[in-house]
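Paired with chain B in one complex and with chain C in the other, chain A is shared by the two complexes that follow.
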Partner chain A sequence: MTSPDIISTKAPGLAWARILPAVLGLGVLVYAFTSNGYVVTVVGFAAIYGLLCTGLNFFMGFTGQASFGQNAFAALGSYGSAILCTDYNVEPVLALVMTMVFSGLVALVVGYPTLRLRGHYLAMATFALGLITYEISVEWTDLTQGYMGYSGIPPLSLGPFQAQTDKQQLAVILVVLALGVLAAVRLRGSRFGRACRAIAGSEAAAGALGIPVARYKLISFVIAAVYASAAGSLFAHFVGFISPEVFGTTMVVQSFTMLYLGGIGTIAGPLIGAVVVSVLPELMRGLKDYQNIGYLVLLLAILIYAPKGVVGLLDSLSGKWRR
Partner chain B sequence: MASAPPLLELRDLSASYGHVQALKPTSLTVAEGELVTILGPNGAGKSTLLRAVTRLTPGTGQILFQGRDVSRLATHRLSELGIIMVQEGRGLFSQMTVRENLILGGYNAGGDRVLLEARLQQVFDLFPRLKERVDQLSSSMSGGEQQMLAIGRALMAGPKLLMLDEPSLGLAPRVAAEIIATLGELNCSGLGILLVEQKAPLALRLAKRVYVLSLGRVAVELPANEIGSHHDLARYYLH
Partner chain C sequence: MTFRSSLFAPLIAAAFCAPAQAEDVLKIGASVGLSGYAASTDRGWRDGLDLAADYLNAKGGIDGHKIELVVEDNKSDPQEAVIVYRKMMASDNVQIFASGCVSAGNFAAAPFVAKAGIPMVLCSILPKGAAEQKWAFSFLPPPRYEIQTRMQYLLDHGDVRKIGILSDPTPYAMIMTKLATDVAKELGIEIVASETYKQDDADMSVQIGRINAAGAGAIIKIGIGGSTVTVAKNIQQLGLDKMLLLASLDDAAPFLQAGAVLGDRFLFVSPSVQIPDAVPAGPAHDAMETFLTLWKAKYGDRDGNAAGRAWDAMMVIDKAVTAAHSTDGAAVRDALEQVSDYQGAIARYQFSATQHVGIVQNPLMMGVVRDGQLVQVK
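Up next is the complex of A and B:
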């Protein structure tokens, strides 16, 4: 008789390489909650980017597609929350959910024709999506207030509870991030998640096994858009002000750096990448004028010597340790 | 009494890559439980034919499966009906383990764990080596083991028609013979097989009928045991 565990695809056990990032992450959080506002802001941004990259990782890491247009959905989430909360007094949490649904629908409509493209063509189409959204946010001043940006966005609240202080807001962001990561873990291990990873391996082989490739790519794109929208909304509430520059190509470069540096296709990778890329420049402040050079040299060194990202590096070190 | 329709029937199926017509209008049939071999030199259109049947390469013409016109169905729908292809080069998911590859093969079973486990057990009975390597990455296995996995994964889908594109390619003669013998076992259990091969002596041992493709069209169709009596074909494919 077959063992009931034979079709289980869960990873066997926890290696120290998997525990170490969690311990360090916990350390960063403890430090943030016992420090001043600036540290809280840096860690808050890292958490928001962690959420954005977790979604992007679903589309790029698990499903193996390319998207340079996540900034578009972050902008939708951000402006959506700002407009709903400021002009229509909608409850921030409700606004966050509404913009997530709206962004998901936009991704569905845009993704349907776009995802017929592959490789570089898909990358260019999604990049255009980001550029178009940026132009709209600049030009449609009646709605977005153009370069002036949107200010006075209220902090996150739910009913009587309002996250007044930076630390309370960070706590709310971390709760949303935890829910996002939990959902990603569940999705990755699901039948859908395995099918997405098969698509990343070979679209032809996946299709030949009965996996509806086009549909799953679209769903994956929508999931990534919903995550980006949530990240955009959180950003708007956390900072209280947004402008088009926030959602420019810098955001695309930043999120790609985080994804590849942390370890694309892994659950912990986007989180580690988000923390490293957010915190590293701050640690290099002592270099003064050479801060950016030092930061970039370190990034390059990580990418050269750990091409599978920090998670890949830790996994291989853990393997050597076991041997 | 009307006879049952063939398992697979192609009527004037053709396929092109850009302006190049790699497969000219081709008709063939595979009966229920039959093993048919397609022979032909490189560039004859053998792989294109299999890809056109599974709609991985767009084609024109008619594809009938158990009498039903499936010409317009998407690749994954054909798989749901039981048309499963093992691609040339195997198409394994290299970053996944043997177990994960096999489970993905059973995607059509939905979440039915009992059915998945039963199919998995059948695959392990057929290829015990896969059970030994169940947690190994597919990319770390030998060519023969990878081919076993590719066939095992296809069997996990519960095929009615198994199409294989040169399963012996790049394998040592002994391993290739082992693979072909396994296909013979599967055929004996009633599975319809359409086999594209270049190592003709092995494939012809099992096949009932042979189609020889040349320059994108069927040049000859004949019973497998008659190929020896065709001097040119015998010289090309049997020696």
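Up next is the complex of A and C:
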């Protein structure tokens, strides 16, 4: 008689590594919906960053490219929604979709020449894209109001329903996040997703297999831009105010930290990373002047002991358990 | 309880859970940029609040309530400001805000603070919306005064009638830059060049060169911090030995450094606390001395510009809460509007239902650095 341990494709112990993040995530949501505005705000920002990182993960994790310029598309989404809703009374959901389309087109135009670059050069080019957008948001004051910022941005609404309270807004953000994650899951498993992963493995090998590498990289870049744009729009509606500082290099560093800390190239990784990076500083707030030190020490410890991110750590623990 | 859960439970509780509200405590929250670009000003603002809270608590608190200051670092970032405002509202049950100079952070939080009916006294300019302005009170001298004082100085001293503007892109500087055109026109001064810089620019020779090439005899710099010293050094390096530099309201430290470079060609706008000798005996002098005596006892020679305004803000809160005989947000807000004549350490404050910027008379003077001291230009 053959042992189930040998013939089973699902090893015992594997399930909990998959279920634990989901259970913890659910716990965070239940806690948020039963807590005060502070918790809702922190979780709301985590969810928005989760969406941004899910898109970035598509370009960096699945396709194996580097982008330091997602803040540019988040800014486009944010300012687009702010201007359309505040100055032209466009429905927030329609504005969100319009800015996603616009950001996608910008990504297409910018990405076409940029994605001919590879490695560090691509990283530098995308970083420049973020810096240029930041400068525009500061200097083009007639459009963006510069550091004065854009205020009076309405909360998300669809027809007669308007997300008035913090918790209603959080619910809307979570719905968009869920749709984004679902789309990422479907895309990853698709022919296109598999081709992207082949590109991440070796561009030359993928090309030899007949995969149109340049085109797929561009599509992946556009997808990441569309996600970032949606995240930017949600931010604008959630806070009701935007200014250029939000879309500076801090956003780039934050999103990278979230991606690597959670586990790049996985579906759950960006979400876990977003929650950890958003919640940890709040847990450290009691340390006052040492808050940043405490937070960064903990962050370093996680990265040292979990170089493949939290998801990688859970997988390896699950493997040990299996053995 | 496991070791890990016992370790993190207090942290989680401390971070997210609301403490019980003691009846005899008045919680005043401050969202301040203790790190980031606003750090030098906002650290002064925080210390001024702290000094005033100690002073008032020693006298029995405000209307019998002991003041409890809740200070949170917004890192000079609007997103962080939203989080700390939310925290102070939901977890600390703050009753009044006395927040620092990060305008964007205060703007971002203003809608939900106003919605919650919590008064805000601010180091920064007022938020833009009417609904938010209803709950906000500014302790910053109106930008017009800074511009007027400097241009009037040029009119009264020497023959410089062509000037250049060098400004950073902060909200306060943007407002001032726009005002500069109107004020210059009123006073018959010509702005021949208007240049911008970023707070972290390490060299501004190009902008200064353009201003000089346009024929300006003076640069009115709009913006705070170490950039003032950079501009002074660049003027010297370019050999512009006639060019005047007139700096914004700021901490004394950059003034002293810039003055050491340009001597009498470096001038600045200043409140009385930076040049106390310039204030004649009277109520203004007495109010300033009360603050400065305590300030110097605790902080020595540290500049008291932002701290003085924070002190004044706390004293105005004291007057309002005492008059309202309540800590209810709406009652305090209404009472703040009734503080129609209060002589503070920095200025005289006159609030009303239609006037939420308290300083309505120009309290600023022109100063220069002599022998390592800030002195008034007569």
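What we mean here is this: the second predicted complex is superposed on the first by the 309 of 323 C-alpha atoms of A that agree within 3 Å, B and C clash if a C-alpha of one lies under 4 Å from a C-alpha of the other, contacts with A are read in each partner's own complex, and residues count from 1 in each chain.
Please note the rule applied: contacts are C-beta pairs under 8 Å (C-beta built on N, C-alpha and C of every residue); 3 or more make two chains touch, one makes a residue touch a chain.
If you're wondering where the values come from, they're calculated on a predicted model, not measured in any experiment.
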Determine, under the contact definition given at the top, whether A:Q162 touches first (chain B), second (chain C), both, or neither.
neither
By the touch definition at the top of the document, which applies to A:S318: first (chain B), second (chain C), both, or neither?
neither
Which chain, chain B or chain C, is in touch with more residues of chain A?
C
Quick one: classify A:T86 as touching chain B (first), chain C (second), both or neither.
neither
Looking at the overlay, does A:S202 come into contact with chain B only (first), chain C only (second), both, or neither?
first
Which holds for A:G152: it touches chain B only (first), chain C only (second), both, or neither?
second
In the superposed arrangement, does A:S35 touch chain B (first), chain C (second), both or neither?
second
Could you tell me if A:T141 is touching chain B, chain C, both of them or neither one (first, second, both, neither)?
second
Footprint overlap on chain A, where chain B in one structure and chain C in the other make contact
none
Can you tell me which positions in chain C touch chain A when the two form their complex?
8, 11-12, 14-16, 18, 34-35, 72-73, 76-79, 82-83, 86-87, 89-91, 103-104, 107-108, 110-112, 127-129, 132, 169-171, 174, 196
Sort out for me which residues of chain A touch chain C in the complex.
35-42, 45, 138-139, 141, 146-149, 151-152, 239-243, 245-246, 250, 282-286, 289, 291-292
Taking the complex as given, what residues does chain A use to touch chain B?
2, 4, 6-7, 9, 12, 191, 194-195, 197-198, 201-202, 204-213
Give the list of chain B residues in touch with chain A in this complex.
54, 56, 74-76, 79-80, 84-85, 87, 91-97, 99-100, 103-105, 107-108, 110-111, 113, 116-118, 120-121, 134-135, 153, 157
